[in-house]
Structures are given as C-alpha cells and as structure tokens.
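Structure first, then comments.
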Amino acid sequence: MAADTGRLTGTPPAVRVRDLYRDFGPGRTVLRGLDLDVAPGEFVALIGRSGTGKSTLLRALAGLDRDVAGHGEVTVPDSVSVVFQDSRLLPWKRILPNVVFGSRAPDAVVRGERALAEVGLAGRERAWPHELSGGEQQRASLARSLVRQPELLLADEPFGALDALTRIRMHALLRRLCETHRPAVLLVTHDVDEAIVLADRVILLDDGVVHTDVRVELPHRSPADPAFAELRAYLLDRLGVHDEDVPAGRRAAA
Amino acid sequence: MAADTGRLTGTPPAVRVRDLYRDFGPGRTVLRGLDLDVAPGEFVALIGRSGTGKSTLLRALAGLDRDVAGHGEVTVPDSVSVVFQDSRLLPWKRILPNVVFGSRAPDAVVRGERALAEVGLAGRERAWPHELSGGEQQRASLARSLVRQPELLLADEPFGALDALTRIRMHALLRRLCETHRPAVLLVTHDVDEAIVLADRVILLDDGVVHTDVRVELPHRSPADPAFAELRAYLLDRLGVHDEDVPAGRRAAA
Amino acid sequence: MTAAVDTRVVRRRLGPGRRIRLAFWVGPVLLLAVWALGSAFGVISPAILTAPWDVLTAFRDQWVEHDLLGNVLASLARAGLGLAFGALAGTVLAVVSGLSRWGESLIDGPIQIKRSVPTLALIPLFIAWFGIGQEMKVVTIALISMIPIYVNTHNGLRGIDGRYAELAETLAIGRGEFVRHVVLPGALPGFLLGLRFAVTSSLLGLVVVEQYNATSGVGHMMTLAEQYGQTDVLVVGLVIYGVFGFLADATVRLTERKVLTWRRTLDG
Amino acid sequence: MTAAVDTRVVRRRLGPGRRIRLAFWVGPVLLLAVWALGSAFGVISPAILTAPWDVLTAFRDQWVEHDLLGNVLASLARAGLGLAFGALAGTVLAVVSGLSRWGESLIDGPIQIKRSVPTLALIPLFIAWFGIGQEMKVVTIALISMIPIYVNTHNGLRGIDGRYAELAETLAIGRGEFVRHVVLPGALPGFLLGLRFAVTSSLLGLVVVEQYNATSGVGHMMTLAEQYGQTDVLVVGLVIYGVFGFLADATVRLTERKVLTWRRTLDG
Amino acid sequence: GGGSGESLKLSAPLPDTVPSGTQIRIGDPSVQAILDASGLGKQLTDAGVDVQWANITGGPQSIQAFRGDQLDCSSVADIPSLFAAWTGTSTRIVFQSVTVDPLRHPTYELGTAPGTTVRSLADLRGKRIAYSAGQAQGALVLRVLQKAGLSRKDVTLVDLTSTGDSYVTALGSGAVDVAPLGASNVRIYRAKYPRGGAVPTGIRDDAATLYCLTSAVRDAGKAAALKVYVAVRARALLWKNTHPDQYAKAYLEGTQGLSAADARAVIADDGTTGIPANWDNAVTRLQRTADLLAREQHHPKLDVSTLVDRRYEKVEAAAAGSRAVTGDAS
C-alpha cells in the first residue's frame, strides 16, 4: 500500500499534471503544486474532503478553467468526456437528444437508446429533464458519456444520487465500458468502498496536493475480504475519519 | 424487526398519510395507496430505489404538488422545513442571506453565522452560491434548515454530496438538532448505513407503497455491532441487493 | 375511486398559479365596456373619442366605400414582409454579436445608436437610398422590427447558463452545432419576447412609412384621417391596430407556451 | 514563481469569451469614420446627410446662439420625469399582473392594446385629459416608457425558476418578502432590459410631445428645424439623440453588469 | 375655462368691458413675440385681458387642442377652418390678414425635379405631383390644376405628406416631378439640388387667419377680450411691417432659432402684411376653396359665411385705420 507514482510502463501517461496551482482569490488557493500521472487505460479514483478541489482539478483537466488564476502544466488526450457533478442536461432537449447530443456516430440514436436502457431509463427517451428524478437525471448524464468513446473519462461523483442496487448496476456498466474501450478514468467519489471496488489506484486530495496515492491490488474486491477492510480503514484514516467519530448509540430512551 | 405502524402512543401522529396516489400520466402512477404515520419527534429514514417516488412523497408532505394528479389524505404539522434534493440556493443572494432567508427570528443573522460555522462554512458568508463546491452548496442548504425550528423536517438526501468525514460531522449536527427541538424527521437517503445510524425507523418505498417498515432498536449504532450488520443485510436484501450483485474481482491482470 | 378523498397540504401559493381559461379576454372586453358606457353616458365626448357604435358605422363605411379590406391587406403585406426580413437580420446579427466580442464591438454600438434615433428623421435618408416605393417601406419596417429582435435575442443569448457552454465545449462540437443546439434554443425565450415587440413595431411603422406615396394601407388611412381630423376614421384605425396588435401578441405568446414547454418557471 | 510554466488544456471557446476593453467604442467610432470619410470624398452628398464638420458648426451655433444646453436640459427633465413615473408604474403593474392571474387578465390585455396603438393617435385623448402643458408631456412619456418596463419585467418575472417559488413557499414567507427577495431580484434582468428600451423610448417620445406647445427641448428644436428645412440642425438633433441613447444604454448595461454579478452566463 | 360664463348670441354686438378674471388661450407665437418686442402687449393688460399663450399653430394641432378644450384661438391659414367644420368642430374666423402684393411673395412655389421642365402650368400634364390631401399644399395643388384646366386624371397625384423637407428629398431623388414647396424649402432645394427648379403658381395663397372655438366667441367675457386682442393684433402686424429687424430678432431668431441671414430671407419672402378694410374678398376666396375641396375630396358643400364672425371685421379695420388695404390688395 505504498504510494505509487503511476508511471509503470514506458508509454507516456494519458494525463500528466505538474506543479498545478489554482487560486480563487486571496486565501482561496485550492491547488498548490499538484502532480499527477494517469497511465492510458488506468482507472483512478479521486477522494477527498468536500471543498478540497476535486472538481477544480477535473475542470483543469477538462480545459474548463481558462479564467481561473494559477499556473502549472497539464497534458491530456485529445478526446475527453466529462460527467459533471450536476447532471447538466440541456433543459430544452428531451432525454434521448440530450444523450446523443454532440455524438457524430451514424448510429448515434441506436447507441443512445441502448445506453438509456443500460442505465435503466428505457421508455423515458422522450421525457424532459425536469420530469426525471434526481437519480434518473444522473443516470441520463452517465448515459451521455457511455455513447462516446473517449481516451479520458472524467467523472465527478456520477453515482452520488443512486441507491445501493442501482449503484452496483452502474458500477458494472462502467466496468464493462472500461474493459471494452480502456479509457483512462479519473472518478471523483465520496464513497471509499466504491473507490476500492472500481479503481486501480485511489488518490486522496488534501491541502491542494495528492496527499495519498495507493494502488488497489486485491484478489477479491469484496467488502468481506479482510484486505479490503484494511485498505478501507487506511483510506478512511487518511481522510480523517477516526474511531472516535463513529457514532455511538443515541437517544437510547426515545 | 417486525413492521411497525409507528402508532405507539395515544398522541396523534405528526404526519398522517392515507391511501395516497400520485400520478404523472399514463403508466406513471408513482404512489399507489401509500399509508404512513410519523409520530411527533420520531426520526424516520426513507430508502428506496432511484425513481420510486421518494421525492414525490416528500413533495406531497411539503404541499408542493398541487398540480399533480392523484388523491389521498395528508396531514402534517403547521411548521415544516424542507431540504431539497438540489440545494436550491437563490443565486442572487450570498450565502448568509440565503441561509437566513425567511427566518423571522430577531437574531437570525447570528444564528445563520453559527449554522454556517457548524456545517464548516465559516468565512464563506459572503460567497455567491456558484462559488461553492457541490458539497458546500449542500451544506449551506442544510444550514438553512438548521436556523429554523420546524415541527417536521423533510430532508431529501441532504448528505449525498459529502465525503465520509464531513458526513459524520453532519450526522452529529442533525442529531444534536433533533435532541434539542425534537422535530419529526423524514430523511431520504441512499445509504443504508446512514439510515440505520440516524433513524428510529427505516421505511422502504417500493412500487408506490411502504414495502418495508422496520424499527431500529440497536444498543450500539456501530457497523461493528453484529445486529447492525444484520439489519443492514436485511434492508439491502429488501432493496434487491443480493450476494450475486456484489462485485467479484475484475481485471485481475490489468 | 370515483369519490376518493383528496386532502392535500395547502400552502399559500406565491406564484401566479394556474392559468384561468379565457381570462385573456377579460381586459379587452372591460376596456370595450368602459368605452361603450363612457360614450353612452356622455362621460367621453365624441369629439375626443368616437362612440363604439359610430366607429362601427365608420368601419362599415370604410369597408364598403373605401376598400378597408384592401387597405388592411396591403398594410399586412408590407408589415409582414418587413417583419420577416427584420427578424432574420436581427437574429443573425444577434448571434454574431452575441458569440464574438469583435462582432459585438462592431455591431452592437451602431444598433444602439440606430435605436435611439427617431425613425421619422431617418426617412429622408431612406427615401434618398431606396426611393419612395414599396422597397423603401419594407426596408424601413425591417429596420424598425429588427431592433427588438436583435436586442432581446442578444440579451437572451448572453443570459444562457454558462454551464451549457462548458458542456458543449467538452463534447467538442462545432460552432454550427453549438448555435443550433445550445444558442438558438437557449435564446429562444428572448427571441420570442423580441418578436412580440417586433410585431407591434412593424405595424406601428406603417403609420410612418405609409405617409409616403401610399395609395392604400391602414397607416395611409390614418394619416389622411389625422390631417382631415376625422376622429371616427382615426378610431377605426386605432381599433384595427389594437385588435391586430393584441391578436398578434396573443399568437406569439401562445407559440411561446407551446415551444417553451420545457421551461419550469413561475408561468407554470 | 515569476515565470511559472502555465500550459493549460486549450478547448475551443464556444461562448463569446472575455470582454475586450473599450471595444464598446469601436462601433460608434467606425460609424463616425464612415460618415466623415463618406462626406469628405463626396460619397455622402450633403443634401442627404450633412457632413460632420458642418454639424459641428451647427452645433456650436445652436449652443451659443440658441441655448442648445437649455433645450437639452428641458428635454432631459421631461424625459427623466416621465421615465421615472413610467418605470415605477410599469414595475408595479408587472408585479401585480405577474403574480396574480386575475391581475394579469385585467392589466395585461389593455397594456398590449395600448402598446399596439400609435402614440401619435392617442395624443388627442391625452390633450383632452391632461391639457397641453408639461403634465400632458410627462404623462405621455410615462405611458410610452412604461410599456417596455412592464412587458420585460413581466416576462422576466414569469421566467423565474419555479423551484425558487417552491422554496419560498416552504419557508412560509409572506407575499411582501417573496416579492422583495425572490420576484424582484429574479425579474431584475428583465427589468433592466426593459429599462434599456424605456430610456430610448422616453427620449424618442420627446419628438412627439414637444411638437405640442413646447418652447424648448430637443424635440421642439427638431420640429422647428424640420419646418424651416434646417438639415444641419436636424442632424445636430440626431447626433444628440444618438449620443444620449448610446450613453444611456451603455450606463444601463454597466449597471446590469454590476448588479447581476451573481449570474454565471455566456456573458461571463 | 377662464371665461365669464355669460353666454352671448353670435348676432349680439360685441361687449366692450372685459370682466376681471377673463382669460383667453391663444396659440399665436409670432404675434406673441411682436407684442413683447414692441411693447404693444401693455395694451392688453391695460384692457384687463389675460392671455395664456400656447405655442400651437397649424391645422391638426390646433383642432386637437380645440377638441380637448385646451385652446380658444389659433393662427392658421384658411384650410383648417374648413376641415374643422367638416369634422364637426365649430369655429369662427375672427381675424383676416393678407400679403400686400401676394403674387410676388407666394407662400408656395412648384418645385420641379432635376431634369423636369415646367414653363407654364399646362406643362403639368402627365407629371407626377406630390399631393397631401389634408394639408394646405394639397389644396394648392388642386387649385393649380383647376387654374391649368387639368383634371386629376391628367396627372399622377403621388400621396405624400409634407413633413420638414420630405418634398425636397422626394424631388431631389426624382420620386416626383413636381411638388409645392414653401419659400424656405425652395431655398434649401435650390442649394441642395442646383439642377432642380421652382416656378411660381400665379395663385394667391396668402390667406392668414386667427380662428377660434365658437364656444369662446359665445362667451361674453372672451368675446370682449377677443375684441381687444383683434385690435391689438392688427397693430402688431403693422408694427412688424415697419420694424422688420426687431421682428427678426424677437421671433425668427429668438424663438424660432433661425440664423440672422435665414431670418432676413424669411422676411423678404413674407413681404408686407396687409390688414384688409373688409373681408369680402377673403370670404369669396375662402368659399371658392371650400367648393373646390368639397368637389375634389367629396366633402359636403359648405357655406363659409358660417365660419367667419364678421363682427370682428370692423374692429380689425378700425385698429388699422388709414393703413388698411382695400381693393385687389385685400
């Protein structure tokens, strides 16, 4: 469980970040000299406290922060796909057009319909975004990234609003996608279990740098596995969750 | 772990729902004859698959669905406070005014500042909503409900975008609030652990009705407790998460 | 289930609530009633405002004797043609100046200046450039109705949520697709509001342009009536304007409601 | 850190990008240049449009000999007063009709009708009701400038995201607070757009009202210049209109930028 | 408002005493300026006449103000009183003035487009002529055609409202061949389009009146005040003839905003104003115009004697005394 730079092979990394600074004004320097490499096809989970700069980093990789102060070196592949933290469906397009929007594949509509079915939204192709529940919107936005085949997938908490079962299905879906097209993935999540289950590597952002960087090398990715529990405990500890934080019984005599 | 109607005492329930139907058009009947009672001061967690109608139920209790087809009987206390699934901060107000908006208490500003500090947003009083990260917005919206003292608190996934540590802190905060003012609470969550840790009762919505209704009676609300794990397994099973869904190792030779 | 109980939580509605059917007509009908009663009871002197029934007579007279229908059709043709050109030009300019800072710096200032200047004072220029025939009239109306389309579309476009542009940028689409799928639908509410103003502007423009070498048209009719001081004919013109303006506006707003169903706003 | 490397991912910008400083002036300056060059090289005959330098001479002449400043101030006072009343009335009516379907049914129709009808044709009514003095002028301008404020504010209000009204309803606030904290800030972009139109409308209204019993004012000056065929003075008037209109518009837009900082739109 | 409220028959002799508090509302800016400049205004105040001045002249505006009861009298040419009658506003002419030598100082000339030659009125046949039905220019065109012995069918009348220099532009751009131009526009036209021309019409178009709401004349107080005003106005116009420079300063430069040179030109164009010893000729000409317009524009026939209040004829002539003009000049 030693920190790992991610530079395993001789091939150049898909993502290369050096000495990245991002600064939202006095006292709000969010990234302060961050370095990161992600190998092609590598699945990296990014965890960190709320407000540490995970979305800021993703936006830097996506090239959406032209107007933010800061400097540093960022290299990413040409074709990048982003799942935003908000689901960001165009309100004036129905779901299917939203999912295939920008896709130039000749069979875009068929693929869109298939992607919608995969995320459990078959039959909702003609719904308006505002007619979907929170989790459904999130899944639609996931479907939008499924119809694309990017070299880099940046996903900002794509499963935050999903229940356990749906989440497990979406995990499987994402894994299938990764196995077929092997994009490099940077997935932001708050769920340490999710990070361990999905990723090749988990990195923890804190104080503007990569504070912890662990490779996940488990034979069985099951919470029942003791190695799993150990890694989980380690990560939670690095996140600052200690035993005293775990709630004791309360309101015993309600 | 028998189902429990929640009618424990002779006092009338804070929330009383009978035979509730809600219908978004042909084939989209979301609630179909739902019955529910919540006693005053009772903390109920509502879990259920994405798109089963949790938000729909909350909106019915909040009185926000005048224009939705359906019928049934709904009684709630006069003073209700809602934490929406989207954080719903007024974009044209800075954070502090957003938090104290609508509060008529003479010390609203002081309480607002305290609430912001409690959710970890001290110093961000004058930020615009769009300057906050996803989790920060959610916490601001939580702070808004903290400055009020409602008889019924309806919270639609208030912790969805929070990391483990922040989440534990918010749990403690919510618990403190409940202990002081003892509102009835209906909390929607996707996290079964969270439901067990926080609630007196967990109900599972499925197919438009309350499908499962369990009282949480644990001496220690700690995941380490075997009773906790048992309840957790039971609820996950009712949610449809079976062992075969739990992911096995993958991409062994990545 | 026929007599199912339905007690809901009743919360004070702060928005306007549901549309009332036909409420739309209440205002105009009331206006008409005030006018009729005021005239009947002598509160409104006929020298100031002809009574509705006398306007009816004048209307019939104009219809039979002076080819009112022909006048109206000629005017509508002019206004419609001008409006079509104006709307097109306004939209194109708004998109160009909305999406490029350089386009804006070239286009926006001159349009604001044009907008500030009385059209009547520009007519001599237009006569010199386009003559006094139909061409001059259509161009003038196009320029008049272009303004609100431009300003409102530009404003609507600039008001589009920046996050949708970000999304589009990550999808690596071209500018054309961006305009078609993001800019135009996003600016549509603004465009439609502009259209509401443009429709009335194009009709009002008739009063100005039909003073020049027109032998037909409502504006022409009103110009003559004003010169002669024929109040009743003037009021016939006013009523025609009012009716057309109101109906055109209502049509645009109905369209608005149809094409903006995706919006979840206070309008419900 | 002085020479820190900064390579960023460069994505094709689809929105308009950053504001260019002073780009604002490019259009008007270009317009002036075209006018000056056109006049200098005889492309624009002075019969059609007086040359800029001749307009300058006329301007100085009007300033020194004919109290141009007094005329401008008199006009601005009229327009400003009318605009103030119009903006107030327009906002109040928009809020009433925006928040209540019954208010809407009473107010909206008549306003759309008023809007469709040529002001010139209503002047006789106003003269009868308000006389031929300052009162009539201010009322007319107020009515003219009320319209865009009303329509745009109403439209802006109705375009507010319905979720904010829901939020307000669950906070159990009163209507007054709702209007102050949700409706007015939410409709502010609409109001400001309306104000841009209202400012120019109020100035343009001067041309109409100052034909009636005015002894000063830019509109009066232009009416006289028209009578006596003083093209150069007429162009002085046009330039004053253009400059005032452009500056007023720019001022409103600057204000817009200041008070709408909370917006994250394509405008950046 | 502002009258004594006492009603007076239109045939009754004009009362001599002006009740205190009587106010007359008059749109007569040039006379207003003369009264100020000459000091004649004192005669009004001495007689107890309180004039509330309005800067309103011309047909459409004065008729609108009459209808709204915002004005008692206004100075106009002859056409507005005809149109007021045809559209139901009852007025009376209380003052007539003429131009001495009217054919040498015409109000309008016929402008001709560059490339068009009109030597005599007969050359108008087949030409496109700007025509504005409700304005004085329109009546003039009809009178010109009548004089030339042409009917409307022999020419093309192009409907065009005369506002500002719209006729100058229309001529210059060749949109019409012929258009009636007021004297100042003729100067502008010649300056802007040297190849254009202007020919005299040979028709008297010098009618100038002060017309009042009949209701004002029926008010004993106002009628008395008007009697004073008419007399003072006659003296004022005569003063103008003898003090052209003061007039130019006070009115043309002062309130109308003309340059000194333009003002001199306007005075030269205007010629000398005459106060007719009687209104016989003026009324005859007015009747002829009324008949022509009635025929050509389909109005009912009008007896213009109902539009003039000849009680003021003598007041006006008496004020001018020996300076009144007679015969052909009147």
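Chains: A, B, C, D and E, in written order; residue numbering restarts at 1 for each.
We take it that a contact is a pair of C-beta atoms (placed from the backbone, for glycine too) under 8 Å apart; a residue touches a chain by one contact, two chains touch by 3 or more.
Per UniProt, the chains are A, B = Aliphatic sulfonates import ATP-binding protein SsuB 1; C, D = ABC transporter permease.
All figures in this text were calculated on a predicted structure; none of them were measured in a lab.
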Note = Common contacts of chain D and chain E, by label, are C
Note = Per the touch definition, the chains contacting both chain B and chain C are A, D
Key: Label of the chain whose CA centroid is most distant from the centroid of chain A   = E
Remark   = More contacting C-beta pairs: C-E or A-D? The answer is C-E
Ask   = Can you give the whole-Å distance between the Cα centres of chain A and chain B?
value = 25
Remark   = Cα centre of chain B to Cα centre of chain E, whole Å, reads 85
Query = Any idea how many Å lie between the Cα centroids of chain C and chain D?
reply = 17
Ask   = Where the centres are mean C-alpha positions, what is the separation of chain A from chain C, in Å?
value = 49
Ask   = At which residue positions does chain E touch at least two other chains?
value = 64, 67-68, 163-165, 172
Key: Touching two or more other chains - residues of chain A   = 62-64, 80, 86
Inquiry  = Give the residues of chain D touching no fewer than two other chains, as numbers and ranges.
reply    = 11, 13, 18, 47, 124, 128, 163, 168-170, 172-173, 182, 234, 263-264, 268
Inquiry  = Per the touch rule above, enumerate the chain pairs that touch, sorted by label.
reply    = A-B, A-C, A-D, B-C, B-D, C-D, C-E, D-E
Ask   = Once bound in the complex, which stretches of chain A touch chain C?
value = 62-64, 79-82, 84, 86, 88, 90-93, 101-103, 128-130
Request  = Provide the residue numbers of chain D that touch chain C in the complex, in ascending order.
outcome  = 11-20, 23-28, 30-31, 47-49, 98-102, 104-110, 112-113, 115-118, 120-122, 124-125, 128, 148, 151-152, 155, 157-163, 165, 168-170, 172-173, 175, 178, 182, 189, 193, 196-197, 200, 203-204, 207, 222, 234, 237-238, 241-242, 244-246, 248-250, 263-268
Remark   = Per the touch rule above, chain C residues touching chain A in the complex are 163-164, 166-173, 177, 181-182, 185-186, 188, 261-264
Task = Quick one: which bits of chain B touch chain C in the complex? Just the residue numbers, please.
result = 18-19, 21, 60-67, 70-76, 80
Parts of chain C lying in touch with chain E, wherever the complex brings them together = 47-48, 120, 123-124, 127-128, 131-132, 211-215, 220, 223-224, 226-231
